[in-house]
Amino acid sequence: MADPMRIRANMTGDKVEVKALMAHEMETGQRKDAKGNVIPAHFIQNVTVTHNGKTVLSAQWGPSISKNPFLHFRFKGGKAGEKVTITWTDNKGEKRTDEATIAGG
Amino acid sequence: MRIPWLVAGAVITALSSAAPAQDNTQKEIERYRQLLQEGNPADLYEARGEEIWKQKRGPKNASLEQCDLGLGPGVVKGAFAQLPRYFADTDRVQDTESRLVTCMVTLQGFKPEEAMKDPFAVPGRHSDMEALTSYIAAESKGMKLEVPIRHPKEVEAFQIGEQLFYRRAGPNDFGCVSCHSESGKRIRLQDLPRLTEPKEAQKIFTTWPAYRVSQGTVRTMQHRLYDCYWQMRHPQLDFTSETAIALMVFMAKYANGGSVEAPALKR
Amino acid sequence: MDATRRELLKAGSGASILALAVAAGWIKPAHAADWNKAAFDSKAFADTVKALGGGGSTESAQVRINAPDIAENGAVVPISVESGLPRTQTIAIMVEKNPTMLSASFDIPENTDAFVTTRVKMAETSKVYALVKADGKYFHAVKEIKVTIGGCGG
Amino acid sequence: MKILLTCAAAAMLLAGCAARLSDDEAQRRAEEVFRGSFTKGNQKMAAAVFQQDEVQTLCTKYRDAPPKEIADRIEKSQAATIAYPASGKLMGDWREGEKLAQDGWGMRFTDTDPKRLNGGACYNCHQLAPQELSYGTLGPSLYRFGRLRGMNETTLRYTYGKIYNPEAFNACSAMPRFGHNKVLTPEQITHLVALLLDPASPVNK
């Protein structure tokens, strides 16, 4: 199973600043291993970020997003102590959900 | 080959001076490095390392939580800031990774060759060593580096490291000294620290392990040295070799007093 | 919704039934349904814009790319995109010289800033496009990013 | 190891016992340690780095700062090694030279393709063509080398010789002996000479 994400959510003014790191190979399907065999593509395709049941960001990614992806964005309407939840799904159907509590500004 | 004028074979009007372009290159590379600082994937390795540290594993089904990293069994906080050091139970100077091998053997019951298998991650295979070392290093973040060079074996390791630093060999006549004896030098665009200058040594020795964007994983000082010897056209340096540890003690002598900032983020 | 599917949902969401439904093609797994394969397969800017639903795109100073002019390593290139256009709905990032151009496409709901930062791989020095869909229309910005060779040819 | 043992015992009583090996002993131990540190890899390569030649031994011993008589000895013995190409032609093709200057491939333990020629990796340490922004500074800038030095027979022979064996000109130089150590062929060296001296080379534009 995939490793947990590292999510930081902080109030800056009236906005929630979200920074997340996800543990994922993001294999392009174009690299070869030491024996010369092609390493099959394996990458996150969808990312959804929710807050209070509402989607605050959704993304589609290709294999050219860097390994161990980083994401940074801001949204309005959150308060310290509330949760931000991130879910990713990759091209093999693997899935991972983690959440973080919004910290005060 | 990324220079289009060469591919095209066309004649190019040269810049009137190369200096302004170079200033801008330095500035933009600096900006690139800064932009990456806002999220260091090494965080993911620290978390995984902590999990592995606490996991019951091996024939003895034990965790590493009672491992003695130099400050007593189970003390992780601050241990990294004093490694490598002499350990009486093994009668050797050990760094973080060789000590982890010892603990995996004594506490968890692994055979030494099992504990030392695949210490460096390759595409598709993680390394427990890289994760564990990230976790242990992070537990000394902000602390002062104080590697002891008091015990006769620690002093000996320093002296051996010093000899090996200057040792030149191989088809390119390279030694550590070839790249790390002058201040302000670069290889391509990468700054080369003068390792006998405390200010420069402090910035380097205290920032490994580090997440290397070029390799997509955390690499440790063991790997850094293995990589240096690779670039020096030497053969494969053994994992946890005495050469690696002696060179670490040599570097630590000049780096002592710096603040531990590992795991850092590097090219 | 046809009768069969309604029956199925009424029967509950047991794993086996769900799997059956996926197999039968009534329900597509999320990763296939929400992923625009045509857009991610596109090799040219115009084709990618089209696959993302646009007829064409206008360059706009309201779309801003914040990224270094030079990347020390192509495996990790930080890119920020910000849009000053009202009703920004989508932000996409494309790298012209990658095997396929599109790296990412973000849907921006109403209360989310029209701003996003991520990191992309770049095979070589290339133009990077930020494409923004705002109020149903498409706008873009472009910036060249140089990828340098590292120490010892690596 | 008598001193060491005595000192180890004393260390238990007295903190900060300065047990130091003599330089000769440290050097002997260092060689022992070094030979025990490359046991799992390519043993042919290992044997080659264990055995230092005269230049490597002397430069190690004097930490790259040999006294004058040693430096003279090195420069003299190394000057005698320079072999010029059989054809007598020292100026090759600068385009080939530029490729070689970029290429860092060769002689690492992962470089196993026997058909591929080694690169020179000149940009690792030197500025050459101004279009390449990613260059090192371990060596001096060679931008406009030909323009500054002038294009004549003496410069041509010096440039070839310097790449072939820099120890002939500057004892314990950090630059590899590309020709002498067979990293590059004489023909490859003539291409680098062209990159540096050909008026058409981007280095001299």
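List of remarks:
Lettered A, B, C and D in written order, each chain numbered from 1.
Keep this in mind: contacts are C-beta pairs under 8 Å (C-beta built on N, C-alpha and C of every residue); 3 or more make two chains touch, one makes a residue touch a chain.
The structure presented is a predicted model; accordingly, all values stated were derived computationally and were not measured.
The greater number of contacting C-beta pairs, out of the two interfaces B-C and C-D, is seen for B-C. Chain B has the Cα centre that lies closest to the mean of all protein Cα atoms in view. Here the spacing of subunit C and subunit D, counted between their Cα centres, is 48 Å. Computed centre separation for the pair subunit B/subunit C is 36 angstrom, with centres defined by C-alpha atoms.
Subunit D has its Cα centroid 25 Å from the Cα centroid of subunit B. For subunit D, residues touching at least two other chains, in rising order: 102, 123-124, 133-134, 136. Shown for subunit B are the residues in touch with two or more other chains, namely 25, 38, 187-189, 213, 216, 231.
Contact of a single residue of subunit C with at least two other chains is seen at positions 70, 75-78, 117, 119, 148-152, 154. Under the contact rule defined at the top, the touching pairs of chains are A-B, A-C, B-C, B-D, C-D.
For subunit B in complex with subunit C, the residues that touch the partner chain are 2, 24-25, 28-29, 31-33, 35-36, 38, 187-190, 213-214, 216, 231, 267. Subunit C meets subunit A in the complex at residues 29-31, 34-36, 39-40, 75-78, 80, 95, 98-100, 102-109, 111-113, 115-122. Residue ranges of subunit D in contact with subunit C, taken from their complex: 102-105, 119, 121, 123-124, 133-134, 136. On the subunit A side of its complex with subunit B, the touching residues are 3-6, 19-23, 25, 27, 31, 33-34, 39, 66-68, 70, 72. By the touch criterion stated above, subunit B contacts subunit A in their complex at residues 38-41, 43-44, 47-48, 122-124, 211, 213, 216.
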